[in-house]
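Report on the structure given below.
Should a chain be cited, it is by its letter among A, B, C, D, E and F, assigned in written order, with residues numbered from 1 in that chain.
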Amino acid sequence: MTRTDGRNNHQMRPVTITRGINKHAEGSVLIEVGDTKVICTATVEDRLPGWRKIEGGGGWVTAEYGMLPRSTGSRMIRESVRGKPNGRSLEIQRLIGRALRSVTDLAALGEKSITLDCDVIQADGGTRTASITGAFIALVDALQWLIEHKRLDHIPLRDFVAATSVGRVNGEIVLDLNYTEDSQAEVDMNIVMTGNGEFVEIQGTGEEASFSRVEANGMLDLAQQGIKDLIEYQKQVLGQIANNIGR
Amino acid sequence: MTRTDGRNNHQMRPVTITRGINKHAEGSVLIEVGDTKVICTATVEDRLPGWRKIEGGGGWVTAEYGMLPRSTGSRMIRESVRGKPNGRSLEIQRLIGRALRSVTDLAALGEKSITLDCDVIQADGGTRTASITGAFIALVDALQWLIEHKRLDHIPLRDFVAATSVGRVNGEIVLDLNYTEDSQAEVDMNIVMTGNGEFVEIQGTGEEASFSRVEANGMLDLAQQGIKDLIEYQKQVLGQIANNIGR
Amino acid sequence: MTRTDGRNNHQMRPVTITRGINKHAEGSVLIEVGDTKVICTATVEDRLPGWRKIEGGGGWVTAEYGMLPRSTGSRMIRESVRGKPNGRSLEIQRLIGRALRSVTDLAALGEKSITLDCDVIQADGGTRTASITGAFIALVDALQWLIEHKRLDHIPLRDFVAATSVGRVNGEIVLDLNYTEDSQAEVDMNIVMTGNGEFVEIQGTGEEASFSRVEANGMLDLAQQGIKDLIEYQKQVLGQIANNIGR
Amino acid sequence: MTRTDGRNNHQMRPVTITRGINKHAEGSVLIEVGDTKVICTATVEDRLPGWRKIEGGGGWVTAEYGMLPRSTGSRMIRESVRGKPNGRSLEIQRLIGRALRSVTDLAALGEKSITLDCDVIQADGGTRTASITGAFIALVDALQWLIEHKRLDHIPLRDFVAATSVGRVNGEIVLDLNYTEDSQAEVDMNIVMTGNGEFVEIQGTGEEASFSRVEANGMLDLAQQGIKDLIEYQKQVLGQIANNIGR
Amino acid sequence: MTRTDGRNNHQMRPVTITRGINKHAEGSVLIEVGDTKVICTATVEDRLPGWRKIEGGGGWVTAEYGMLPRSTGSRMIRESVRGKPNGRSLEIQRLIGRALRSVTDLAALGEKSITLDCDVIQADGGTRTASITGAFIALVDALQWLIEHKRLDHIPLRDFVAATSVGRVNGEIVLDLNYTEDSQAEVDMNIVMTGNGEFVEIQGTGEEASFSRVEANGMLDLAQQGIKDLIEYQKQVLGQIANNIGR
Amino acid sequence: MTRTDGRNNHQMRPVTITRGINKHAEGSVLIEVGDTKVICTATVEDRLPGWRKIEGGGGWVTAEYGMLPRSTGSRMIRESVRGKPNGRSLEIQRLIGRALRSVTDLAALGEKSITLDCDVIQADGGTRTASITGAFIALVDALQWLIEHKRLDHIPLRDFVAATSVGRVNGEIVLDLNYTEDSQAEVDMNIVMTGNGEFVEIQGTGEEASFSRVEANGMLDLAQQGIKDLIEYQKQVLGQIANNIGR
């Protein structure tokens, strides 16, 4: 069966990452995965959250996620108007933060915090995984900026990290679901992996449905391949700097 | 290696479910998993959320999750005082709701909504999975109440559902983490499964760490066994009524 | 006239206080007054509210009150969802705090604050007075814990304190109203008294009705007797420790 | 002992009620009790709160209470800035509403709601009791306005209502406490009474202190006399209209 | 054409400023412009907002604006109930603050902040401009209070400041619009000017309409004349103190 | 004197408007004015705000304004986290809405509302005026979309509208201030004008300073010229469609 946009089941949408799209931020990218477009900016600050200072352990990397009101098919209420954070957004930004911290040497970062803002300009499925893949590049650029400003002497990242979604749509296992597929999916799985092929997150959910161990394995296989390709692309985008990660 | 509470790695803590602990609610249980204690009440209402009415598809099952301020080692700010919902609570209650809906025939439920309130009285790790396992029984009792009040003619559940946690603690794969283990875990995985052995949710997270495919498989194996036992216990707790589920 | 639950007008419902029901809290009880069930936990902290530090005068004792969503006949909106504290809850927790402070030697307590969380698990009238009666025991246990941990050398309580409700229902003066009576009462009075028979609070309210001086006197007489019995029971529950109060 | 402002213990401060101070409101007064100044406006609306419509029983009378930021000695945070209602304000406005409803024939009012806004312009103790005494006059004027506009044929009030405070200050029982006395009081009691000498509310509170039955009686005696005088003054202020109340 | 209240187009409503109307505030006035009545109080505090302390530059003068719920023809929701500040109020209080700061020598004020609370008791158009004109006098009185308490040696004001509105109503340019005119105006302009005839603010707005350069000039001419008269009146109200401003 | 970015005082920064940048919205543009970048999307909905339906008068055009957290030099708190709208944002979005409505024939629009979301991606001064100039084009495109979908038969706009800022910086009158100039400006004026050269808004503000009538005239002159050029550019961007406006 061909997918609605003509891809085969194992095929990811075209991915583009444009660096340096914000003159103020220490790191910034626009990531496009098909029609999904997310601006990721990294902000370096010389202070830590209170609890982190008490707890110790070095720096902190965190994320915030938002959607512009008309990033979706029908306009959503602006988050500042709702007056309270949205459960889905909170869940996503916690995921992005964990993903980035899983490859960061926080002790080596020192008393700094880096906030990754992931703002969805246009949504077409997979905004959280695109945010992770893009935010990683913005984080690298912010760390590189710290090196250039003599505030770090190496990039405190142990590895690359990227993410994609897999799922079961009409009984078939497919890679990188777009919005139409996502809303029809019986099973939806978001996977975050590092450059050495290990998992950071497996978030698989049956939508009023369940899935077998065999299907779980099929989805993990597909995600592993997709993320391997994404990390290849991240390396290409970073060029020379890529060599300084995981040293 | 023996675990802090003397269990072996494949051993779950003692589980007790007490039914009928609230005279107002249509279904209610106290579930105890080791020192974790959660009150789950089911409330039946003859109205649907606005969006559900528009969307159609029958009834609705949802959950809310909270913790008493002193359910934990140090007192937390009361949620009504924070003035806004807590990201972690929202994430958990969305999980509980999805788990219960995965086995419910919402069309057969008809124009009713059932809300499962899961309130943690005392926390010692695994509150979200205990909530799912306990809320399922409260849901069954509420459905049974509807049958007794002639508002349903059968229990609209396709299967049982229960949940447990697994993780990697000090490099070892263990079942049903208590709080001490949970706070030391390198990997933490919450699994929701149905009576027929299928997955509803796999939520595996590396805590500033990652995990291999082999470890993922080990954790899924362990969870499958644990949940099988939990569902056996649910059947025992429900007695005769258990036979009317999945018919 | 016999009351709906068969009691005579001067009769209180059965009262049970179970101590030590939470392994984390420095003091904790479950108080049951008929079908009203409240969990009271005491949390000791080594810090004072900012204003108290400025004002001086020693330690601080305060309370917070909440109801589980399905503690009542029909489910209430969860307080964290309302996003703002409920007027009734604020009023009640201010009452509980004042009642406990009226018998506490705050200067002798020193730079510590004790928070009594009163969470209603099941409501059937009289939750605020049950909270006071139960929270007093949790407070004693927390103070005893401080003695055992060598942080106090005596219990800084001048006296016992307990509370009950009285009211006029169908023209008759009755003690300890249950929910049905409370919702029909023309007059509702909550009374807090100390062990030496003095009043801490008299909160009498006509519900779209008024009451005479003679009726006021009748209600105060009845409450005095009821609270005397409650304090007898508190002493029995505390056993040996009771002798150390008011020294 | 003479009081700080030279009054004897049984003496109330001068009371002035000025009617018609707001051209928009259906009823409005400025009440001054010593240096305490409260604007009370009555707003008539042809709609009921949702719950009241369902419950039935006729019209509704309610109150809201606020303080201007600099009504007090040191400036308070503006309530709209706090973003949430203040516990004390909620408690007071519930009291004012109950007091007014205790003498109102809500059934005769019909499908209308009347909101009494009590805004404290300058505070010097007793703002809640002044609000009740003043709001009653604003309510009468709004009801009279309804009669003049042919929307009522009589004033649906069964009686007058007014309020004052009494307390124990330095061991002496005094009437109508000003701010200085209130902040030193060991016992503070707010009393609401009707024209026929019955109580609507008795709110007596020991401030880290308790009080005997004899003292309670002394305070009630004093309040009864004070409120009798206040109601005399209300009658004088209303002139001819006073005769139409309680018919 | 005569205006609804009989004024000619160049005529302002009667203005009255009453000083010293609040015993707590360091400066306070009631300003009446026709039926518009605003209480302005000035609060002196010996602390600065955090950002101001960091930024330096001396003291701070700011304003807050509110309306009593029934200051208008139909009752508005109380701001503390809305739970969030109202856009219009925020806009107005920013305007009042800027107007006052434009004539204040903040460096000379030293480490003090003065907050002007402008609370509308009764609204009939022009509440923001009345607030500015009145708040200026309250500010002068608070500064004079600082001199009397030996905390300033001169009034740190460079000039007077006052404000009025002009507009185009039914095609005619008019001064000082009342509520009826304001709601029919095609163009509405608020002007703030200093004693030396310079502008501090020009806020001209077409209401679903636009206006020509010639009309703009006509409105500015009219406002200049009106504000000149207002400042004359301010001088008269302040008497001797007026001579100490702008020295 | 040359300006920091080399422009002369009468020179505007380069302006670019890119249409159709969002696949979901009925109209969308990216407007760039120097380094200021704003995404403007227009959302058409077939429902009106409640008050508008009651009031009548046809359709409604409104705006919302937001800034991404890192659109500025230092990261701002995300608006959804602040939990309440920001005074400045509310003020700006009211301005944008009024500007667009001033040229819209709301009656001809019929029972539709159009919301213009203006989200600042990168800020360098003049975000509110860029929002107006860009939102006008997004509005035209949404109206054109309605024509193409046979829901309108002509563009219900009476004229073009655009906006720019002028100000006094170091004593000189300059056009189109960038952020550096804006933060040093003694006077800041935002002007909105229509295609026929009339004003919709004049918002001139002295920043702890005042300005003369002569300076006001100089700023208005400069703004008139700048806006004339902007409207020329708008026409060029719209091409053929421009001819259908104001018919």
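One rule holds in what follows: contacts are C-beta pairs under 8 Å (C-beta built on N, C-alpha and C of every residue); 3 or more make two chains touch, one makes a residue touch a chain.
Worth saying up front: this structure is predicted, and the values here are computed from it rather than measured.
Visitor: Starting at subunit A, find the fewest moves between touching chains needed to arrive at subunit E.
Guide: The fewest steps needed to get from subunit A to subunit E is 2.
Visitor: Whole-Å distance, subunit A centre to subunit D centre, using C-alpha means?
Guide: 59
Visitor: Taking the mean of the CA coordinates per chain, how far is subunit B from subunit C in Å?
Guide: Whole-Å distance between the two chain centres: 33.
Visitor: Measuring centre to centre with CA averages, how many angstrom lie between subunit B and subunit D?
Guide: The mean C-alpha positions of subunit B and subunit D differ by 51 Å.
Visitor: Can you list the residues of subunit D that touch 2 or more other chains?
Guide: 83-85
Visitor: Chain sequence round the ring, subunit C first and subunit D second?
Guide: C, D, E, F, A, B
Visitor: Any idea which subunit B residues touch subunit C in the complex?
Guide: Residue list for subunit B touching subunit C: 22-25, 28, 35, 39, 41, 43, 45, 64, 66, 68-73, 75, 78-86, 89, 115, 117, 119, 121-122.
Visitor: Please name which positions on subunit C make contact with subunit D in the complex.
Guide: 84-85, 87, 90-91, 94, 98, 101-102, 106, 189, 193-194, 196-213, 216, 220, 224
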